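Two complexes follow with chain A in common, the first pairing it with chain B and the second with chain C.
Moving on to the complex of A and B:
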């Protein structure tokens, strides 16, 4: 607070001061959201502007895949088994018939679990990676050096990560879907003796499910790198600054994925499933 | 010419650049000295348009850099070369790619021309056969020399050197100062040199500016600074400890 603001605050009535204190909470949140929107819109602006560093896009795609493929497969594989195991018991108790389980499960994977759980994994794995990389470039002045050479950091660093993430989030969500369905099918078959051919049932799938799956994957694929890049670009200080940026990236990205999931599920319900 | 007028920068409550006024005439080399945390690096970044001051104005060859857009800044920045205190070498690029980066960004040269220029500079800074190494394979002193090469490769008319000899042995730092002197002698370059090596800087700067706590506390030629009777100035210049 400068002297000027101090004097201003001192002159406020108690009620006014209480209202002003709300700013302590809301101003940082609003500032951060504005900054994320700024990075996002600039990234889109540059994504449609030449030159795009395609070699870097390829390299980043490889990094994302390499970093997260095993992670996503393991988590989704186990999650698939657990989901079928738990819901199988419930279904047996209530309905007694497990024939429709595969069809319902596939729908659930498309609409919800495959893209969203994958995105949550990517928020931790890819989000931290991006925030740490860009953050350490900021604190070692590499980003300043880019700007001095008229290489806009958002164009140079964020755009390749954004494009790579859009593609890889979709690819990894598809992998996740297959793995989770496969392990679920395995449990259904071994524990509940549901025939594989019965379990593999696409009768409930609609175009809406595919569209929601793709929309979610696309939204997460855009949001995670943008939020992580903003956290990295906002890093300051030394290596602790990088640490703070990484934490901020995971928290914000996971939060954003959850909120987007809620919104897009609502959109899906209104447009396709009601 | 660089003209800095009434520049203020706050960090929270603290005033880290406190009303700085400074004019650096075309073709002169100014030595910017002062204790750690005085604001030397920050002032340079403000001049380069990397940090926006809270108030004040910075004119580079007549163009105001405070608050201008990125597009206008492009033409100003292509005139400036900067050697960063923390090396700022791109860790995903080799030495060769790092040094050639400014030329590649400017465009208009073939890869072969760029390579020749990089090799010539690597010889000048005494780092032959390091083209394919990555920054994390270099020692601190080697990195400093690479950043020097990257700062000067495009022959910019304005140069900011932030501690070009930190962490160098006396022989190498002598060489770097000799390269700075060579550039100054050629004429036409306006530059600011930040260094704690006052002995090395004495002979290569046209004038000196002493900063402390975000203010300019003294500015003048070597003779004027040596003749100064102010205790802080004399002590700092001769590197004497407080008693």
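Moving on to the complex of A and C:
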């Protein structure tokens, strides 16, 4: 607090001081949300404006997609096995019949599991990468150098990551769905002796499930790079600032994915499943 | 002419500049000196809109350039180049493409035209033979020379050098100093140099301004810095650990 601010705060009445204390908590949150919205709206503006750095989009797609593939497959594969193992035991104890397990599991994967868990994985894997890369560029003045060269940092750095993330989040969610279903099918077959043909049951799937799956993948694919880029662009103060930016990117992106999941599940329930 | 008028700037609770006023005349080499954190780099970045002041005005050739939009700063940045403290070359590009970038962005030239222009600028700093190599292959000194070549590609009227000789060997530092002098003498380029390097200050500067705790302490020719009895200036110039300066 500067001397000027200290003197100003000292002159406030107790009620005004309490309101000021609320401001200490809420002003940074509101500032950050408005900054995320600013970066997001500018990214969309530049996404429809030439030139698009397509080579960089491809490189970022490789970084987001190929380099996250093994991570997403391993995590989703194990989670799929655990989910079927635990739910299978419970179902066997309560209803004793596992014939509908595959159909319910597939529906769950489409509506919730595949896009959301993939996005949470990407929030850590890709979110940190983007925030650290852009944050390092900010603290080493490379972003300032871009501005000096008439290159708008959001157009130059954020747009390729946004476009790559939109495509690759959808692709990785599809891969995750297949892997989790495959490993779940394996456990159902080996542990509970559910026939593969019985487990592979799409009878409960509706168009609404496909739409919600796509909407969630799209929303997460947009949110993660924008939140991570904003964290990177707001970095200051050397390597410590880059560390803070990466932490902020993971926390904010994970929070955003969870909140979006709640909202979009609600939308799905209202429009398709009620 | 460049005028900084009563510039105030704080980052969060840290007040970096407290009413700095400074004039830089056309063709002059103005050195801005001071201890780390004195606000030297922050001050010069106000000229090209990389930092916006909390209060105060920046005037460039009689036109106020204090709070323009990013687009409005484009022509200013074409006239005022900047050599950053960290060189800021882009690691994914060759040296030649790094130097060609401002030409392509500002003049919308083809890649071939921009590269031919960039090659000539690399020759100015004796780096043309390394044109196709990447920044990661070189040390700080050579990267800094390329950064200077990049800053000169647009034939600017003003160049801001942020610690151009820090971290480079004495021979390269001499080449950089001579380049700054030549730019002023032969092309009339106005240079603002943020520096700690006493050898450069007393060898190249036309005028020196010293900042301490966000305020201007002394502004005058280099000879004044030897003569003054200002204790802060004397401690800085003589590098004494004891004195009124908080380091």
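Simple rule for what comes next: the second predicted complex is superposed on the first by the 266 of 274 C-alpha atoms of A that agree within 3 Å, B and C clash if a C-alpha of one lies under 4 Å from a C-alpha of the other, contacts with A are read in each partner's own complex, and residues count from 1 in each chain.
Everything that follows uses one rule, which is that a contact is a pair of C-beta atoms (placed from the backbone, for glycine too) under 8 Å apart; a residue touches a chain by one contact, two chains touch by 3 or more.
Values in this document were obtained by computation on a predicted structure and should not be read as measured data.
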{"item": "Clash or fit (per the criteria above) of chain B with chain C on chain A", "value": "clash"}
{"item": "Which superposed partner A:150 touches (first chain B, second chain C, both, neither)", "value": "both"}
{"item": "Chain B versus chain C as contact partner of A:236, first or second or both or neither", "value": "second"}
{"item": "First (chain B), second (chain C), both or neither touched by A:89", "value": "neither"}
{"item": "Partner chain(s) touched by A:45 [first = chain B, second = chain C, both, neither]", "value": "neither"}
{"item": "Chain A residues contacted in one complex by chain B, in the other by chain C", "value": "1-2, 140-142, 144-145, 147-152"}
{"item": "Of all residues in chain A, those that touch chain C in their complex", "value": "1-2, 5, 140-142, 144-145, 147-152, 236"}
{"item": "Touching residues on chain C, where the partner in the complex is chain A", "value": "10-11, 13, 15, 45, 48-50, 70, 73-74, 77-78, 81-82, 84-86, 88, 90, 101-102, 105-106"}
{"item": "In the complex with chain B, residue positions of chain A that touch it", "value": "1-2, 137, 140-142, 144-152"}
{"item": "Residues of chain B defined as touching chain A within the complex", "value": "10, 13, 45, 48, 50, 70, 74, 77-78, 80-82, 84-91, 101-102, 105, 150"}
